[in-house]
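A single structure is presented below for examination.
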């Protein structure tokens, strides 16, 4: 059995999962909003990236900067205009709202890009050799960005004034209000941040996957699995959870075939929910 | 609330009329052909090419004066890649829109459900987009396949392997009905030709990671890697081959034979081999005209998804012209023995099951960003390069 | 026993509620309440369970949408102003129930209270130092998780946090809730100290007689309305208040009190 | 007295449809009734007990496969549907025991994962299910039988919901939704009730799944466990009114009609348009149409215990401390 190859493959896949989960962890883990449109944020970001790089011939790095900003702006407006109005309602309302937005995004993307698959040939397509193993360049970059990004957000939430404000809004919104924090503003910025991270995720996934408007639903549940296994709102946890799930999926697929391999992801998620709802690693921001 | 009962009923009646009434008024008494296919859902991309070809066919035939002297009109619906919706929409096409002729949806699953509806209404359904043999083997009288059957997809593989004395393969396919049919067909061939099948796996639709399959492939070292998959999966496979510096001696997938693959895989897609059923360069009947018009209208070369749609419509139009009628039973009877040539090649069905037996398969190789035919020899446009050149030897 | 500090007639009260109506969802809870909180005074709001005491001050603190009526701060209409702007007007609020962030340290909790001070670390630090003098118990626990402290200590932390921005007015919602008698005394003494130092204190309390002993002014609420108003001493002395609200009273009696009031 | 009248009217309407409608109207009604039944079932656990989740297709798909396999071995389709209903119940009992320990979004997401697990099983156990090939069945000659069976299920679900709404059980479920701990403190055996509601909510989906397979004469994993089926059902219930007697019916009818109208006229936009409609409903009628109409004083729609319902539907996190 090619243990090392599978392990490295799993870890790099975990990096992609961490990337998918990064923004969702802020939005679901910290704000408690189940954002059904998160996968579509990723897909649209990937599609915009393809359009910028292949269509307009801009360098990839431009997309890395521009696309997250675009998505962040969209997220801000989405939160400020729509989600804010139902923030105090039952969780299921935000689910329905984000689901509705998801269908609108998918439809819009089909109108703009058509249904076909798009890729980024030539961008980060190569492989890097390390100790006799061949690692995907694009996944390596995604992995590094996901890990540093996660650590960065973790530091931001713990150590900065605004990060603390986000945490207090998540844990006790009333307390935040009486401490002079505008819940609306914090939520808008948090959602924008989460959407921006989804944007970055989408950009970095564009070189790996064939992107199409309906790519999103494939990513969504995996991203949820990652943050549930890792612990809601916990960034180190999500990183560890993503790696664990990636490794598990690759090994599981190797042993039991891809169908069961990807089902393992959900089984682990269910087991975590039932046995250790706070996540396998440490404590989330919301308990 | 009961005082307003008459008014409520009137409103209900109006609503019913709006809902279930035919959406378009008749103009110059056209012949209406009904199709429901995916505009959304996971088959939207492949169905899109199919649809474009059929729309092109409509334009072309109308330019030539239509069918039986009447203009052709398409009634198109989106079945959302959902077999249930497809069934309902064919019910609608038949009973509400009262279309004259039917062409099947894209994909075997939706064809399975819509063929049952057509059968119930004794309506001819041209199965132009479903490769699975199971659909035909149900013995539905009114479903006639113009799409290539699974056997056509795989027939080039054994000769190619024999030529290079390759004797082992792995199969990694998306789990859907046609892929399972294909595996069965390949297993049969393998038995006859003494080919070792080292591994046969299915991945669920929506899979994007093939790390474990590649690791297994590297370990097993097959000569040939076959994937019955959609273009996105073919794209992701070669990308991941490249990214992990893996390459079988031959990589064959039907997903390679589409424009999306050429564009999205770019250089990484070079030398990949595609199972194909149609190529624009083929010297089949009417193909030059079709390919030219297709490129002119849509800006890219048609692949076999498009070829299927055009061929299905062509066969349908020919039998209608020949019988001079829209009577479903007459048309079906004529199709029993009707043989013709389409852009796909020869059309011929097995009368009992309606299974297509005329269309032959091709193998293509991607060279300089274009599809070139490498098999069978009579259509060959280029000599194949095999085994696939290693990644580091490519510029 | 308290020196009476009459509010200067010309100066508007620091906080004033006019014909306030509010509730939760569609359910009305507070049905037309008028209250005036004069500067420097300690005012107690008492009443039975469900009288609407907490609801009134929540609305005053901007945490609950006001259905009708007005909330004035030093004469300015702040009815529609969002809750997070109250601190800027010098009005702080100490909620009841889960009152600290248990997974944050004491220092982080205090820093949260100092959020409006901005990112200037020195100002935050100075404020914390000032409060440690007032609440010595917090001094040696700065690095401890707030959730690990006793209920009384958490209440101290909550009050300290509310004072981080040095507000002129502080509203407290049942600060004695769930505390041991010893800590209730400590908390009340602390309130008295703060009041004596010039802070305007508004406090909702179940422990009515105890709070009326130290408050200069008081409101008695029942079923969403103000039943009685008066100085702490007067209310303490009032037979009806005593009979109905200061002892264990059956609902029927309260109803009769409502009818009479 | 008005509710039984409305139910009778609905039943009557269902009875006359086959007399006047053509095959397409019937096919439309089959789809509609599938969703009505699913919506009422989901309403039991999601609306009354407050355990909203995204895993109802688990039972729908299970029923489809159980029914299809039985029919393939020669069992009559009605019997197969009954067996499928039973399979839903039998699987839901232990599943409920385990999953209902989860709350809020965790239960919702957990059940979504559960549906995916079953989906994978349908693909993975290909010796039994034929994997992605799907199961082919002999089509029934016409739709009347299936229509009638579905109509009966829909009416039974409607009546059951009406009875529940006026029963002690219903009240206890509402209490669980409102505050589970308090309900427990009041002596309500919450665990048992929740599981009962969950299991009850799995019966009709099982049967309906089997009937759906009969209707299509084909079933494959992506049809049986489709996420769209799930989300459409939930959207219908929420649109109509969570935890109300007529909400699911109103939601299902309205959304099916709107869907039908939009996709035949705006095939390229309808998905987005449906999204816009749902969004508008969420923003402007968050309690669903049933409550919206009642609030506007339309007395035709009976809603018992209105006051309680209003409290129960109040925003989370604004529980009064009065």
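Before moving on, here are some points about what is shown:
A, B, C and D are the chain letters, set down in written order, and residue numbers restart from 1 in every chain.
Basically, contacts are C-beta pairs under 8 Å (C-beta built on N, C-alpha and C of every residue); 3 or more make two chains touch, one makes a residue touch a chain.
Given the structure is predicted, the values throughout are model-derived calculations rather than measurements.
Touch-path distance (fewest steps) from chain B to chain C is 2.
Each chain's centre was taken as the mean of its CA atoms, and the one lying most distant from chain B is C. Between chain A and chain C, the centres computed from C-alpha atoms are 43 Å apart. A straight line joining the Cα centres of chain A and chain B is 35 Å long.
Chain A and chain D have CA centres that are 31 Å apart. In whole angstrom, the spacing between the mean C-alpha positions of chain C and chain D is 48.
Looking at chain D, residues 120, 123, 268, 271, 315, 318 sit in touch with two or more other chains.
In chain B, the residues that touch at least two other chains are 39-40, 42, 175, 202, 204. Those residues of chain A in touch with two or more other chains are numbered 106-107, 110, 217, 257, 259, 262. Residues of chain A touching chain D in their complex: 28, 32, 34, 82, 85-86, 88-93, 95-97, 99-104, 106-108, 110-111, 173, 217, 221, 224-225, 228, 256-257, 259-260, 262-263, 266-267, 269-270, 273-274, 277. Per the touch definition, chain B reaches chain A in the complex via residues 39-42, 44-45, 47-48, 175, 201-204, 206-209, 211-216, 218-219, 231-233, 235-236, 239-240, 242-246, 259-260, 263-269, 391. For chain C in complex with chain A, the touching residues are 61-63, 82-88, 92-95, 98-99, 101, 103-104, 108, 111-113, 115-116, 119, 161-162, 165.
Interface residues of chain D, counted against chain B in their complex, comprise 22-25, 27-28, 31, 119-120, 123, 126, 130-134, 136, 139, 141-142, 212, 215-218, 220-223, 226, 228, 257, 260-261, 263-265, 267-268, 270-271, 300.
Residue ranges on chain A touching chain B, taken from their complex, read 1-2, 5-6, 9-10, 12-13, 16, 106-107, 110, 114-119, 121-122, 125-127, 129, 134-139, 208-210, 212, 214, 217-218, 249-254, 257-259, 261-262.
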